Amino acid sequence: MCLAIPARVIALFGEDRARIDLAGVQKEISIALVEDVAIGDYLIVHVGYAIGKIDPEEAAETLATFAAMRATHEGALPLTPPLA
Amino acid sequence: MKYIDEFRDGETARSIAALIAAEAQPQKSYRLMEFCGGHTHAISRYGLLDLLPAQVRMIHGPGCPVCVLPIGRIDSAIALASTHKLILCTYADTLRVPASGGLSLLKAKARGADVRMVYSADDALRIAEENPSREVVFFAIGFETTTPMTAAVIQQAARRSLSNFSVFCNHVLTPAAMQHIMESAADPDAVALDGFVGPAHVSTIIGSAPYEAFTQRYKRPVVIAGFEPLDVLQAVLMLVRQINAGRSAVENQFSRAVSAAGNIKAQAIVSDVFELREAFDWRGLGEVPLSALTIRSAYSAFDAEQKFSIAYRQVADPKACECAAILRGHKHPADCKVFGSACTPEQPIGACMVSSEGACAAHYTYGRHKVMAIRATGVAA
Amino acid sequence: MSTPFPRPINFRDGRVDMSHGSGGRAMAQLIHELFVTHFDNDYLRAQNDGACFPLPAGSGRMVMATDSHVVSPLFFPGGDIGCLAVHGTVNDVAMAGGRPLYLSAGFILEEGFPLADLKRIVISMAQAAKEAGVPIITGDTKVVEKGKGDGVFINTTGIGIVPPGIDLAPSKIRAGDAILVSGMLGDHGVAIMSLRENLSFDTAIQSDTAALHDLVATMLAAVPEIRTLRDPTRGGLATVLNEFALAARCGMLIREPVIPIRPAVNAACELLGLDPLYVANEGKLVAICPAERATELLALMRAHPLGADAAIIGEVIEDANHFVQMETAFGGRRMVDWLSGEQLPRIC
Amino acid sequence: MSTPFPRPINFRDGRVDMSHGSGGRAMAQLIHELFVTHFDNDYLRAQNDGACFPLPAGSGRMVMATDSHVVSPLFFPGGDIGCLAVHGTVNDVAMAGGRPLYLSAGFILEEGFPLADLKRIVISMAQAAKEAGVPIITGDTKVVEKGKGDGVFINTTGIGIVPPGIDLAPSKIRAGDAILVSGMLGDHGVAIMSLRENLSFDTAIQSDTAALHDLVATMLAAVPEIRTLRDPTRGGLATVLNEFALAARCGMLIREPVIPIRPAVNAACELLGLDPLYVANEGKLVAICPAERATELLALMRAHPLGADAAIIGEVIEDANHFVQMETAFGGRRMVDWLSGEQLPRIC
Amino acid sequence: MKYIDEFRDGETARSIAALIAAEAQPQKSYRLMEFCGGHTHAISRYGLLDLLPAQVRMIHGPGCPVCVLPIGRIDSAIALASTHKLILCTYADTLRVPASGGLSLLKAKARGADVRMVYSADDALRIAEENPSREVVFFAIGFETTTPMTAAVIQQAARRSLSNFSVFCNHVLTPAAMQHIMESAADPDAVALDGFVGPAHVSTIIGSAPYEAFTQRYKRPVVIAGFEPLDVLQAVLMLVRQINAGRSAVENQFSRAVSAAGNIKAQAIVSDVFELREAFDWRGLGEVPLSALTIRSAYSAFDAEQKFSIAYRQVADPKACECAAILRGHKHPADCKVFGSACTPEQPIGACMVSSEGACAAHYTYGRHKVMAIRATGVAA
Amino acid sequence: MCLAIPARVIALFGEDRARIDLAGVQKEISIALVEDVAIGDYLIVHVGYAIGKIDPEEAAETLATFAAMRATHEGALPLTPPLA
């Protein structure tokens, strides 16, 4: 798989470099593979490079779907059964 | 962590699971292959199987670049480091992959080979610049997600005219492997898979479009999913719904990061540097045509295979190992006779036990308690 | 002429060379001007190859613990190899229920190591030993050739006295017991990793390195029924629980949502593909105690400055396979297995 | 399934890798199958990070001593780093007048070190500990990356009990006291040097590595007036005498013709330009005792197998400069100074 | 040990000493320079001075190749190892010689330079063969005794066409230095030396003949002596007798190893490889013409000075140091203000404190008890 | 200076190599710099090379001189005086 994580851009430097923040952990990464990066964007970071951006509207939509499902079926399943 | 924590909510998971349970038809079989190790990892780590009804089965696919790396190519990497006495830079993931003669890169390192763990392809380039009198080879592995970085450092090396840097390219392609799983059966229609969870970050790069041909040809739905547990569950629900409806379309659960066209800029860099390789040997799957990349002739000075005349020698997978069947969805890790006895993450025999994302390793590390329970009580999986 | 060292050691620009381990004048001078000066006690001043001390009075037992410290980098946010070497062994003595009495220190120095760094480390050790109230009473210095060491390795060995009635052992663990931790996990490991070349990231996280014997003394005084204690250093919480499960022939079940981990530690682990349960701590402990005493013990721990974030994180269960399992924040259950190989940053 | 180690360690072809120091399953297995198996005692089996033992009964004092062993080569005529690590610390305890009780062992392994060699060393340690009657009750294992260690370093720390009335210290040395050595000097150092690349020569000389606590017990039982004892390891006899002179603020005068040195040791030193007085021993001691008890003490030592070649080699004198001097076989007198730098083979 | 122990007998020593005492005339002065550090060492180690009457004084000469190596040449060796990052092989003797900036080869090694201690020139050659990808320089020092081995390995390197091996030649010549001591005074006749103890093993190689011209020109007797204490005492007796008789001949006390012609075979190998150097800077003595060797042009490929363009930069000896006067017999180590305080074998300031054969080091290590006694009581040496 | 020591030849090998013995310590050295080496000879060994041979007759003569001197002046001088 490809370990990658969304993190927020907090600074932009020359030569396609940016500084990202993830819950207080900050790191400098390359943004050579993505276009139009702005401070505040959430980038998907993989091996020190951004490979894409999170689209906030799409994310919100997905979360809205979740909320709808939660409304229909609240806590409908039990927790894992105890150890066999 | 924004865009992470929201997708790990247990309450929501149980709601989605309830929908799946409600919609999955009891007499029907939903055999879903999560192609990607990232999904395997999420399923194991969050115990998602506990949330799925019995008729929905997850089958671990070959989507872990470490697991599918064949013995022969690890052998070549070890030979580069040991015989050529050069600096071999590698992601830590490959260090413990078993090679011939009981070796691995880690063991070769312990025997004196100069193997350096890097976190980024950039580090390999830096090491080459810092050691001008030594050859430095970057042992590049990974699917489409990890390929653009390798392409970028080759471009940079060319720009800086670095003569001591080269790349041993092992980048492989997702759609080709998915296709192979369908093709390699005598009758593709009879393949025991009813749908695919499509990869997250691979698709961030390549987009969702490349899967269209696949769904059309093999009549199996593909839902691209993120790697968080709710992503996986939602994708399963989407697949159940397609199967119920007799549909086989490409759908995109991971729309917050994946577009139809993917990352055009990254694709351009990749296609500047790489071209299709005629065939590549996948551990567990065997030779798969047009399933990997090789460095274009314009950059051949940076191609370690040419620079060091690396000849690929195919090495048969270990006899006892059931990986081939597991990766095709025919068997479960627990079906392998040596699982957890002769084959463990410490001393893996087969490909699937190597990376924590391998089907067998994931089961061993996160799900062994269930296998053990099953074995103890004699209940079949 | 009462000293054979006419010129002082140059602690500003000097470097360790082979003569500092030769047994000759340079070594004697280093011992006098650095170790004896800073560790500063009569035992060391006696200049024997071993230190004699009074037989502890009373009944009870004694405990002996040893650890070699090979941490890299040597200096890190929140500490250095010097204070770590003191805390690490003081804690092992404390984990046996012991009141630490004395430490020994064995240095393996690499030729070329800056004397200024060595001095800084020794001062840090001296300070940590003083704060812990545990003098370093005997020592050893070896110098290895450049390329045969890594700056400095420090072995510390400690002895302590275990009060009568205290007999901690993982074999005493029983199904039903509660599992407690004394605070936030993973700080030390993340602080170290943040400095590693190739990984470097910035975080406010500091190593949690600390001496826990006072916390332990408080805990044991009130709840002598504690089954066992261990500090989750290398391999982290997951390793300690697996060790306990194996030794006690039982299983362990912990609950992810209640395990105290800082968001930044989680974030660093997400970035690197690591699991915080396996990340090292140097100022935390894991305690197993009968369930009925757990709440009281927790309250006690939380009242101590080094236990402010303590939590009950799970319980001991019966399991013939001696597995450690975790109920995830998510609601599933997974194994928390022994670490396979080293925990290294992953790309996949 | 009662063990988490389904496959045994390959002690024939295997090598130490980083996982053996990770805290994970590979490390736990190494500890179980190698250290616990061979050192074999209940303390280790208890699998705590420290070992608890009964408080020694009676009065008197205790002694603690530590040494890291970094010898190269690891295997040499007459011994190896394993038995050396046991003897070295047992001897330091003994030199304080202590009866050694327990040892700890801290291993720093270099990635790539053959497990077969490690096993051989551990078996040798176990054997030496058994013969000495001093169990290794707690330990530690660290693995460092290739090129950051040198095969294996072993720290041993020992504790012992000093009988009431025994209080050895160089500060008790007085002018007029006799200087004794327990046997032939320089064997260990020459045996080691004979194997060094570049120097290699052939000799029947073997390391004298041995545990001296029984000899010491015999000596102290009969002559409790002994002022002090020390084993002339690194830096040899010359270094011990200079240390004594400095600590006691006196001078030393020894007589070359009566210092026991094998002809082959002298020959090797002539060839390499070394002085046998500075060459290391690992099974010898230097004793200072009141002159009037020296003959009796000598007879006692000679009656012990490890003291057969013991000799009175000189006496303590008054000297404000704390010099060690030697009357040469030749008839002159010269200084036996602190070693300057390392003792290295010379061409001139 | 045959041919060793017999020459260390204390009884005989006292007999010879008695003869010296009997024959040395009370009012006459016998200022004898033992040129060679080997003799200095024997005198100090065996306490020979105690056996000589007051009018017989031993003066330590410049015959220690380590002591006379000038700072500039050590600086060059350090630069080779540090700047050029090559492997510098050296006899252990040179490791602690002080260079500029508080450095020494040992300290340079501690700072990362690849300095390897060898016991024989052969080892340097072996290291070059074992490290074909690295340059290896042998830092050659020594008088005539040690020169033939360097010549032999250069010949071998040439035979084997070793391209990564070279020698930084610092071999110096005994007779030239002896001559310089006489010449450098305003009036050679007034030099405060009445005779010379000639070197043992140097003479084994060069023979006794080369000293003939010296004795004839400067009217000072030379007695070649072995390095054992009885050899030295007998040579002193022989010198006393020559001085008493007003003779100044070359005599050979070390006849068991030294012939008139010396070792012809070794001389031939040396003259095949080396030729006279126009001048060489000696620590303590300054520039001495025709006092050292350089590699002949036929072997220039193995001459590190040419290969690495080593330019010699003269560095002044430290101000406080009295070595120059001591090496010429004008002063005694105890006359130096920093002896034993700022200047010790651990942190030597001057040349004579470096090797255990240096005049100051020998006094510090073996004779300090007397100096201290003298200082304490205020009695002059 | 020039640390060199006489040692007895106990074996001769090809390529100008010999094995010497000194009180039980044996070592292989080069004899490339000396001629006509025979087993039993005493060679003067310096940095792994023989630089010359001991002439037994000359050695005997020197020792005879010593003996004669000893006969004339036995123990005529005291030991070193005690420390000042």
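Each chain carries a letter (A, B, C, D, E and F) given by its place in the written order, and its residues are counted from 1.
Simple rule for what comes next: contacts are C-beta pairs under 8 Å (C-beta built on N, C-alpha and C of every residue); 3 or more make two chains touch, one makes a residue touch a chain.
The chain lineup, named per UniProt: A, F = HypC/HybG/HupF family hydrogenase formation chaperone; B, E = Hydrogenase maturation factor; C, D = Hydrogenase expression/formation protein HypE.
It should be emphasised that the depicted structure is a prediction, and the values quoted were computed from it without experimental measurement.
Novice: Starting from the defined contact criterion, work out which chains touch chain D and chain E (Hydrogenase maturation factor) both, please.
Specialist: Chains touching both chain D and chain E (Hydrogenase maturation factor): C, F.
Novice: Note down the smallest number of touching-chain steps it takes to go from chain E (Hydrogenase maturation factor) to chain F.
Specialist: Step count on the best path from chain E (Hydrogenase maturation factor) to chain F: 1.
Novice: Kindly indicate the chain pair that has more C-beta pairs in contact than all others.
Specialist: C-D
Novice: Between chain C and chain D, two touching copies, which fits better, same or different residues at the interface, with half of the numbers shared as the threshold?
Specialist: Shared-number fraction above one half, so same.
Novice: In whole angstrom, what separates the CA-based centres of chain A and chain F?
Specialist: Taking the mean C-alpha position of each chain, the two centres sit 83 Å apart.
Novice: Taking each chain's centre as the mean position of its Cα atoms, how many Å separate chain B (Hydrogenase maturation factor) from chain D?
Specialist: A distance of 55 Å separates the two centres.
Novice: Let me have the rounded angstrom distance from the C-alpha centre of chain B (Hydrogenase maturation factor) over to the C-alpha centre of chain C, please.
Specialist: Taking the mean C-alpha position of each chain, the two centres sit 38 Å apart.
Novice: With chain centres taken as the means of their Cα atoms, state the distance from chain A to chain C in Å.
Specialist: That pair's centroid distance is 35 Å.
Novice: Of all the residues in chain F, which ones touch at least 2 other chains?
Specialist: 1-3, 5, 22-23, 46-47, 80, 83, in rising order.
Novice: By the touch rule stated above, which residues of chain D touch at least two different other chains?
Specialist: In chain D, residues 1, 17-19, 25-26, 263, 266-267, 270, 319-321, 325, 331-333, 337, 340-341, 346-348 touch at least two other chains, as defined above.
Novice: Got the chain E (Hydrogenase maturation factor) residues that touch at least 2 other chains?
Specialist: Answer for chain E (Hydrogenase maturation factor), listing residues that touch two or more other chains: 1, 4, 9, 14, 37-38, 47, 50-51, 64-65, 91, 106, 119-120, 142, 146, 344, 346, 357, 369, 372, 376.
Novice: Sort out which chains touch which and give me every pair.
Specialist: Applying the touch criterion to every chain pair yields A-B, A-C, B-C, B-D, C-D, C-E, D-E, D-F, E-F.
Novice: Touching chain B (Hydrogenase maturation factor) in the complex: which residues of chain D?
Specialist: 1, 6-7, 13, 15-19, 25-26, 111-112, 146
Novice: What does chain D use to touch chain C in their complex?
Specialist: Residues 1-4, 17-19, 21-28, 46-56, 58-70, 92-93, 95-98, 102, 104-108, 137-140, 142, 144-145, 147-150, 153, 155, 157-162, 167-171, 228, 230-231, 233-236, 239, 242-243, 246-247, 249, 280, 320-322, 337-343 of chain D touch chain C in their complex.
Novice: Going by the contact rule set out above, which residues of chain D touch chain E (Hydrogenase maturation factor) in the complex?
Specialist: On the chain D side, the touching residues are 198-199, 263, 266-267, 270, 272, 319-321, 323, 325, 328-335, 337, 340-341, 344-348.
Novice: In the complex formed with chain F, which residues of chain D make contact?
Specialist: Within the complex, chain D contacts chain F at residues 194, 200-205, 251, 253, 263-264, 266-268, 270-271, 273, 317, 319, 325, 327, 331-333, 346-348.
Novice: Considering only the defined contacts, which chain B (Hydrogenase maturation factor) positions touch chain D in the complex?
Specialist: 102, 106-107, 109-112, 340-342, 344, 346-347, 372
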